[in-house]
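Below are the structure tokens for one structure; questions will follow.
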Amino acid sequence: MASADSAEQLVCSTDPEHPANLIPSLCAKFWTLGWVTGTGGGCSIKDDDLVYIAPSGVQKELIKNTDIYVLSLAAQEPPYKHRTYLRSPPRHKPSQCTPLFLAAFTRRRAGCCIHTHSQWAVLVTLLLEQDRRGAGSNVFEINNMEQIKGFGRGLGRQGNLGYHDTLRIPVIENTPHEEDLTEFLEAAMDEYPDTYAVLVRRHGVYVWGDDVHKAKTQCESLDYLFQLAVEMKKLGIPWISNVPRVAPERP
Amino acid sequence: MASADSAEQLVCSTDPEHPANLIPSLCAKFWTLGWVTGTGGGCSIKDDDLVYIAPSGVQKELIKNTDIYVLSLAAQEPPYKHRTYLRSPPRHKPSQCTPLFLAAFTRRRAGCCIHTHSQWAVLVTLLLEQDRRGAGSNVFEINNMEQIKGFGRGLGRQGNLGYHDTLRIPVIENTPHEEDLTEFLEAAMDEYPDTYAVLVRRHGVYVWGDDVHKAKTQCESLDYLFQLAVEMKKLGIPWISNVPRVAPERP
Amino acid sequence: MASADSAEQLVCSTDPEHPANLIPSLCAKFWTLGWVTGTGGGCSIKDDDLVYIAPSGVQKELIKNTDIYVLSLAAQEPPYKHRTYLRSPPRHKPSQCTPLFLAAFTRRRAGCCIHTHSQWAVLVTLLLEQDRRGAGSNVFEINNMEQIKGFGRGLGRQGNLGYHDTLRIPVIENTPHEEDLTEFLEAAMDEYPDTYAVLVRRHGVYVWGDDVHKAKTQCESLDYLFQLAVEMKKLGIPWISNVPRVAPERP
Amino acid sequence: MASADSAEQLVCSTDPEHPANLIPSLCAKFWTLGWVTGTGGGCSIKDDDLVYIAPSGVQKELIKNTDIYVLSLAAQEPPYKHRTYLRSPPRHKPSQCTPLFLAAFTRRRAGCCIHTHSQWAVLVTLLLEQDRRGAGSNVFEINNMEQIKGFGRGLGRQGNLGYHDTLRIPVIENTPHEEDLTEFLEAAMDEYPDTYAVLVRRHGVYVWGDDVHKAKTQCESLDYLFQLAVEMKKLGIPWISNVPRVAPERP
């Protein structure tokens, strides 16, 4: 760990865009959205080699900059079960989400990763579980929705998804210990190389992006689609539609 | 484009009612209503010849006056695909909604136009899509609702709709590129000369009004009716009722 | 009308509990609850002989003390179609709810009356409308709910309703002009002498109380019960249950 | 009662973590969550021998430190029907929840107890009531949900529940007088020695924890699970699932 003084400086800044200030303001916003109820969920930001992480077991709407963990990404070794911190607030426990956040940073070059317990995400995984007799139930699929444009095409690909594209979010099974999700998350990343999110059955979702802006807006768009999907199911409307790809005739 | 100095002055005012200050405060409010999730949706205000527009791809609850685009309406030519701006923030992209906003300003003499991705609007278009085998499914219709009184009778007509009137909002099909919606929006305006709103299938809604107050309150009333309509569908209650037009007998 | 100066003094006070300050803060709160969407709904407070009323057609979350109408109750004559105001903001229109508020003040000695367009209230009236083939559909009834204790037993009666009591809220039919509701509201008051609220079909609800506190908390409790009732209907749970009135056996 | 001066000092502190300051800020937050609508619900904190309690019949989002009741726990005698207060605001009535809060403090050594009227809690008790023909309907049970980890294993037991554990919350029948719930609450505590919460049919829920943090986050997690359970019922998804306890195969 860094010296006490330098460790404190890692999280002290008057810039509201500093990761140690952004994580608290983002988490407070996420709490109002129902994403981090009861200390659930979390958020991590990567700034060059430094990774800032919200602590475990803390009321997320009350986090302060001094609650933030910091580590050097280069100093960690997969599978990240044993981690060294530059700053580790003694009154807290490090987040069990940490190796999953690190997977997004290393395998996807993400700049930010958000984990929510959104009820809409959980309900989507439950609805897919019910359909499990058929094939393809370990992936959420929706198409012909404007909000799909809120997602990038994938790491290293230009631009965003289009209206007619099918958004696919893989679902992995939950494990008793959150850290044990890491290898399954990584396998889902390998199987779906373009995805920016992975659902966890009966648990929630991990969403990342190239930077804080993209992670946050992709997470919002996804939660919007999950809520819409649940309402569509209640109303008997399928998630995949066969709208023809030709434009409507001009008037 | 105007000189850098005069361009800045276009959006700098201490008056909270100045369009460059109103758009940020409106968008922040819209975000809490779920209308502009994940950078979706937008808002534009016309003040004489000047049109102020929220940028594309920005977190709508965080917009600042310096993020606003400004153009001269008189300097634009239909179909508005090529536009010149008096002020164009270099770090942003202009909104693809711009030609649709301009259509409301030129064809309907609107003073403000709001575009939302409200889930209630999207669900209403999905419910109408399911009914498409029958006639009349490209228009949302509801009557005998007090909130209908929140809408004007139409451009150039005095007063507002009455309780027994039927509110009709046309639905156009979505297109892969938002700008391509313009001609369909204009056709719907022609077909429904009294409407102050057009739904876009699987996308959202455009709502306008003579001024900011009317656009905002009409948009709120419409979203209220969309949400009510979805709940009515869940409960098996039809949107159109045949309540007799005579008043109830006096007690 | 009073002189310009004295009219201004009617609404100028540094006391946050002054009616001209309370109405704006209450209306802002009601807006976040979805009770006064799109300028719908309203609120009035009686202080001795003075009646303070929110204006018509104004965004309710933005009302200021200077937007408030004031009249002398003693100076008005039933049926209150022609009213004289001590203070009448020239840029606004007086609320069409005014005669209904006055009915609550004169017939029920209320100190405050709230009118909401809550969707839960509207949905309850729609569900009752569907049941109209049977008897008793012009009254909302629910029992064996703790929240029922939030209502007084009725004007001049001691204490509040009990858990096993049945709360009854009459429903009147909507009329094209809100002022025309007055006589039906009064008739419902006569028929249900203990009620503190009247539902208006496809419109909303009027709720009053002896003072601001009671009107506001009764309105909240009622909205809670309306929302619960709609959810119960979705889940197939009846509003009236026959739980035995004897206490459960002691353990 | 203590002298007027010393009674005031019991609730006057500049420390936001002082119970007399925490209760108002918690209650304001609970109001936005719909837990304490219309003066319903309440909250109490124990600090050593001192017990701080929100008053009855007060708008919970408006409580001030000077509204708080204080009593000495050691000075009270079961069944707590006759209580003496160190501080008793003359304009309020003490909360009928008091003996139930005291039961949590004495029988479970809780540091904080929260009582909500959450609609999700009420709906869960209604759904269980409908199932009453079968066995086990007086307990809410859910398993294989990540949010279950938000609960401790029980008083004197180390750690929290695991993902595969079944969370069980007993349901007691409501009584006309809230104080009469006490003995049934205590009996449920005896029958479910590990529970941190008791549901009250058609009324709400009592949730406690070792300290304010744990009571609040357990209450949030439970409300999350109640809401999820209601949505699952609408979608035909059972609350108890038989997911195998073995981890998924490694990829």
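The letters A, B, C and D name the chains in turn, as written, and every chain counts its residues from 1.
In the analysis below, a residue touches a chain if its C-beta (ideal position, glycine included) is under 8 Å from a C-beta of that chain, and two chains touch if they have at least 3 such contacts.
Note that this is a predicted model, so its numbers are computed, not measured.
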Common touching chains of chain D and chain A: none
Minimum number of chain-to-chain contact steps, chain A to chain C: 2
Chain B against chain A, contact positions shared by both copies (same if over half, else different): different
For chain B placed onto chain C, the superposition rotation in degrees, Cα atoms, nearest 5: 90
Rounded Å distance, chain C centre to chain D centre (Cα mean): 31
Chain centre separation in whole Å, for chain D relative to chain B (CA means): 44
Of all residues in chain D, the ones touching two or more other chains: 234
Chain-chain contacts as defined at top: A-B, A-D, B-C, C-D
Complex interface listing, chain B residues touching chain C: 144-147, 150, 162-164, 213, 216-218, 220-221, 223-224, 227-228, 231-232, 234-237, 243, 247-248, 250-251
Chain C to chain B touching residues, read off their complex: 34, 37-40, 59, 117, 119, 122-123, 126-127, 130, 172-176, 180, 183-184, 186-187, 200, 202-204, 230, 233-234
